[in-house]
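Each structure below appears as structure tokens.
There are two complexes below, and they share chain A, which is joined by chain B in the first and by chain C in the second.
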Partner chain A sequence: MNAKFKSWILLNVVLLIILFFSVILSLSIGPVKVPFWDSLYYLWNVMIHKSVEKNVYSIIILDIRLPSIVLAILVGISLSSSGVTMQNIFKNPLIDPYILGLSAGSAFGAALVVTEGLVTYTNFILLPIAAFLGGITAVLLVLALSYTSSGFESKNMIFAGLAVGYLFSAMVTFLMYISGPHLEELIYWLLGSFSNVIWGEIDIITFPILISVMLLFILSKEFNLIATGDELAKASGVNVKAITYTGIGLSTLLTALAVSMSGIIGFVGLMIPHIMRRIVGSDYRYLLPSSALGGAILLVISDTIARTILSPSEIPVGVITSFMGVPFFIYLYRKSINKEVVV
Partner chain B sequence: MKNLSGYIDKKLIIEGISFTLEKGEVLGVVGQNGAGKTTLLRALAMLIESKGEITLNGENIKKMSRIEIARKISFLPQTYNIFKGFTVLDTITSARYASSNSLIFDTEEDIQIALNSLKETGIVHLKDRYVSDLSSGEKELVLIARSLVNNADLILLDEPISHLDIKNQFEVLQLIKKIVTGQKKMAIITFHDVNKCREYSDKVLMMKNGKVYAFGESTEVLTQKNIEGCYDLHFKKKLSNAKFSVHIICGGGSGSAIMEWLYENYVPTTIGIISPLDSDYVSCKKYGFKCLLNDTFSKIPEKLIEEHKKMIEKADIVILTDFPVGDGNINNLSILENYKGKLYILEKSPPEERDYTSNHVLPKIWKNLKESAVIYKSEVQLIESISSNPPKGNVQ
Partner chain C sequence: MNFKNNKSILIGAIVVILLIASFVGGFYTYKLTTNSNTTQISNKTGLVNSTNTTITIVDDTGRFVTIQKYPQRIVSLAPSNTEILYKLGLRSKIVGVDSEYDYTNQQWYQFDLNNTTQVTNSTAINYELIVSLKPSLVLAAGITSATQVEKMVSLGLTVVVLNPYTMHQIINDVSLVGLITGQNAIAQKIVTNLTNILNNIENKMGYATSRPSVLLTYYPDSNGYWTYGAGTFGDRLIADAGGFNVANNQTSQYPEISQEGLMALNPMYILVGVGPYGLNVLSYSSINPLWNNLSAVKGNTVYTLNDAYISEPDITLFSILQEMAYILHPELFNLTGNITGEVINGTTPVSNLNVTIITSKGNFTTQTNSTGIFTFKNIPAGPATIDITYQGKAYTYAARVIYLNMGYINLSV
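Let's turn to the complex of A and B:
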């Protein structure tokens, strides 16, 4: 085992510890304060003994707060994995599912089925499917708009992403306007939040998210070679087309699953991979798992802030991540204009 | 290889190319821009659609999977713009994709092989640096190190020296030659510079308009007649009784064609400061022109600059070619800034592409020089202009 691998393992252990403590902290904080040690105790019991006595604290922690924290973790993993993958495929550190308009596309797909009143608790699976179709449409539009004979240029992709994002946002607004009885439901979901989620919903998305991230991880070597240029990757034995499509498909799926559960939460896929690149470099094998953990931490903390800053009312998580992400994006973009090294 | 034709987007780019190459040999490919040199390499690496037969050590490449091809053929593209944040060692081990036994992480063997190839190319000290921070010369060496990890039999290099300064050109080509002869591999290299091709190739394939113009032993193919025919160099115009003298400031082979013509027309010529390793120096010696020499890569001494100034003042025309400029030879240009006589500039490539000075001053100096000069886009243009309107001079 080489030194780099060892220090990477150490980094991930540290990230896991941070994640664990953020979860405990997040479980304890809220309109009802639960002592830190009690949160730890209930979480421990439910994980080890699969059972816990029912009381006010245990219900608040395990049935109200824990589902939204698990959702925050899953969405964080999805969005940052999606961001890392897109950045490697298009060799562009300035893109993420939000900037590419992918989130807006997914939101439109999901909003369409909500407005049509098609989503009930029995066919809940329709929401992620519609979100995926919307997301794929957005990606294809962005790719078609930004393609030039010399490939996908960084700026073109960002502008195409913005345009497509605006288009789908406008269509979502239109849906809200005509949605009638579903308006409240739609607005609440669109603002982006982890609250009011139930275990049943989490069950639907957990498996596909973990499988997608695993598949991406297995394709690490291929993604690394694609980052060295499509032609060189092909000459090195990679089926570039198939891997690129698989990567785009899986990233879109991850984003769609995240959006269908929690609405639009921007910039996670931009900030976390950037920070992780600074620490572990661009090697996808190291970058993907660490970014997934980083994304989970960011969203658990952001969610805690969103729930507490104006307590008892809650502000959307997307607002918190945008407050952090927008200055971050401007900073990265300025740097790239000045022809400096972006990562 | 027999009767190979290559297509890009269903369009025929190269046609009916056949040649054979033995182990331990370097094949140089030359031809004008757009002759299909790069397309040939890409067809050989199976990166584009092609028709015809390609056999390597008796095996048909076309029946192999992409992974098998990657184990047998290494392809080095002309430009190497890797996404940021990859270390040199990462990129070398990643090239083990076709032969590695591990699905995700590198095995001890992968790393050892990568380190060995870094040692062989002499860049093991760069292993933890980010590739995006390296110079063009270092990047080229990384690409070469990368091509060794699968122990491929055939290495294809697309203009490996076109972005390098003279010192790196020498080092890279020496290294390739050493690897090919030492390990009994084969290499096919496309060249922009015919002189470099002559120096380092055993066999030469000359291409014109997507077809073979000439193929064979280097010395047989690279004759003046073939070069003129292949590159459409029809500047055979004769001067009657030239009465002027010329001074050429050149390097990297950029002045050789003009020198040859001046020699044939008995024009007294001097050559500005060049290095003894330069292919222009070889031409200069061949034609017996007087020239000023300075050791490669060392700063030009003050005394030599004075001598150069005198040489320039004596000549009736000064021709400046578009050679790569670094800190060592930037003086060759700045010396012209106060020159009042006739200045002809041969500009086939923009200054930005061959600026190796540490503070990137070439484009600015070049622009200033162009203001008081006549600009030519090719040797043919320049020679035609001189022969149709010979400058007046005092040469008897």
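Let's turn to the complex of A and C:
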């Protein structure tokens, strides 16, 4: 094992420890004061015994805070992995997972079912499904629009992504204008939040997310070759088209799953891969897992901040990550005017 | 991993199957663990079953809910629900309220918020606070989303959703809350009272011969007037009170009618809600230069309604409905009113002229004074006809004797 691999392992161990402590911290902070050791006690017991007595503290820890934390981890993993993959495929470090119109498409799907009053008590899962399908539809539309006989070109895809994004955004705005009693519900969803999720919904998305990330990891070698350029990659025996489609497909799946449950949370898919690239380099085999961990940590911490900074009210998580994005972009900009931005 | 064609297709197929399987498995687990899938649904809000210790009802969303008799700790997620609880004498049992609304601005509000916790922040619900209050009943409303209801149910809370669309359904909800809190006696009193008001108005409306056009506005600004579109309670009240809502065909539920738009619509009545935005109607002309050109302003059929922040389906709506019915159709309720006017020949006022007004309940005659003005006070209100004879010619005009205000009409000869 070379030194680089060893230090990468060490990094990930550190990240895991940070994640662990972030989770513990997040579990013990909230509008209601839960004694610290109680939170650990309930968490431990539910993992060992699968069930725990139902009292105020256990409900708060296990049914309010823990689902939010688990969702934060899943969404962090999804958005970061998707960000890394998209940046790799488009060979551009300024790409985020929403580049192909996905956020606008999901927003449109959600807006449609909410403003039409279709989300009722018996079918509230319709909202995540609509958001998911909306996101997928937008990306398919972008791929269809950017297709040329010589295959896909990243420039075309980005342009089409912008256009489709604007189109769906305009439709969302219109739906918001004509919506009646559901407007606030829709706006709240759009801002991104982890607090309304229930365990059943987490059950739906967990395995697809984990499997997709594993698949992306298995394709690390191919992605590394793609990053060097399509011609070089083809010469090395990589089926560029297939890998590109697969990468975009899995990224879209991951992002759509994340957005369907949490709403639109920005900057994670852009910031984390960037930061991690400076630490571990561009090797996809190292970058993907570390970014996934980094994303999970960022969102768990953001969720904790969102829940506590204006306690007892809760700021939507998307607002927190947006605020974080600003200094990050300033940092990027300052770096780029001082020297060339290195991918 | 090499990408030889057959192998990659096989692997691709396995991947897709794996993903689909994980989705299916996920949905299966979701169905097993989520309450909404085992809940029955019914069309009729009301009582289903009552035992010694429990009572089962269907709420306004059609859900069957079983409540332990009787809830001693109640969280209300909307002011309309809080009002019902308060009027049923359950103030001491309220442990949590929403924070979206300013309770001090309500007519029925007489309690401070001591010993209650505010559990919402705009539309966001703070689940930890609600759970820590250990409520035996959560009264949600139309503004509570399905996702939020499901989340609360997953936390073990008993949630009843009140979401009435008509005045009759509001009465139904009062009855329902009385049922599940053991306050049937008080509830029945309120129900009887409200039903009488409603029936009285509905019966009388059968005799109305026209629907005057109405603008009901709760907030003017320099761009126009915020009003109630179709599907809102404001719109429903106007219809129930025998009027026609000029904003009825707007696409938005709370549209703003522009100043010119209002000129074009030119409603017969303008009703102004003095809710939390309460602006003096007299100041409207300073906000809208076209205000004084409106027929309703010239004819003095602009009314201020006492408490008209009509966006919640609460009990106070009934008194507002009654007020509106009196204003729009005073003739149905045997109310008296007033009208004044001027008789003008070109630009010259006609003095000492006999003016006769024919109302549904009698005729009255008076004379114009030296400046051509005549006045009728406390005569039967409603649609009327005015007859005058000037220089041998007979003139007839349609008029309205206005309830409460002094109506105005300009008679040209």
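Assume the second predicted complex is superposed on the first by the 265 of 343 C-alpha atoms of A that agree within 3 Å, B and C clash if a C-alpha of one lies under 4 Å from a C-alpha of the other, contacts with A are read in each partner's own complex, and residues count from 1 in each chain.
We take it that a residue touches a chain if its C-beta (ideal position, glycine included) is under 8 Å from a C-beta of that chain, and two chains touch if they have at least 3 such contacts.
For clarity, every value in this text was computed on a predicted model and none was experimentally measured.
Visitor: Answer with first, second, both or neither: which of chain B and chain C does A:A292 touch in the superposed model?
Guide: In the superposed model, A:A292 contacts neither chain B nor chain C.
Visitor: Per the contact definition in the header, classify A:P181: touching chain B only (first), chain C only (second), both, or neither.
Guide: The second partner, chain C, only.
Visitor: For A:K221, decide between first (touching chain B), second (touching chain C), both and neither.
Guide: In the superposition, A:K221 contacts both chain B and chain C.
Visitor: Using the touch criterion from the header, give the chain among chain B and chain C with more contacted residues in chain A.
Guide: C
Visitor: Would you sort A:V268 into first (chain B), second (chain C), both or neither based on which partner it touches?
Guide: It touches nothing on chain B or chain C.
Visitor: Does chain B (first) or chain C (second) touch A:A160, or do both, or does neither?
Guide: A:A160 contacts neither chain B nor chain C.
Visitor: Should A:G237 be classified as contacting the first partner (chain B), the second (chain C), both, or neither?
Guide: Once the two structures are laid over each other on A, A:G237 reaches both partners.
Visitor: Please work out whether A:I64 is in contact with chain B alone, chain C alone, both, or neither, and reply first, second, both or neither.
Guide: So A:I64 only meets chain C here.
Visitor: Return the residues of chain A at which the contacts from chain B and from chain C coincide.
Guide: In chain A, positions 218, 221-222, 237-239 sit in both the chain B and chain C interfaces.
Visitor: Residue numbers of chain C touching chain A in their complex, please.
Guide: My answer: residues 1-3, 8, 12, 15, 18-19, 22-23, 25-27, 29-34, 36-37, 39, 41, 61-63, 121-124, 126-129, 131-132, 134, 142-143, 145-151, 154-156, 161, 229, 231-232, 251-254.
Visitor: Quick check on the complex: what are the chain A residues that touch chain C?
Guide: 30-32, 54, 56, 59-60, 63-65, 119-125, 127, 177-182, 184-185, 188, 193, 195-201, 203-208, 211-212, 215, 218-219, 221-222, 237-239, 242-243, 246, 253, 312-314
Visitor: In the complex of these two chains, what residues of chain B are touching chain A?
Guide: Chain B residues touching chain A: 42, 45, 47, 66-67, 69-71, 73-75, 77, 80-87, 90-91, 94-95, 97-98, 100, 103-105, 111, 130, 132-133.
Visitor: Would you tell me which residues of chain A are touching chain B in their complex?
Guide: It comes out as residues 2, 5, 88, 91, 93, 217-218, 220-222, 224-225, 227-229, 231-232, 234-239, 277, 281-283, 285, 341-343.
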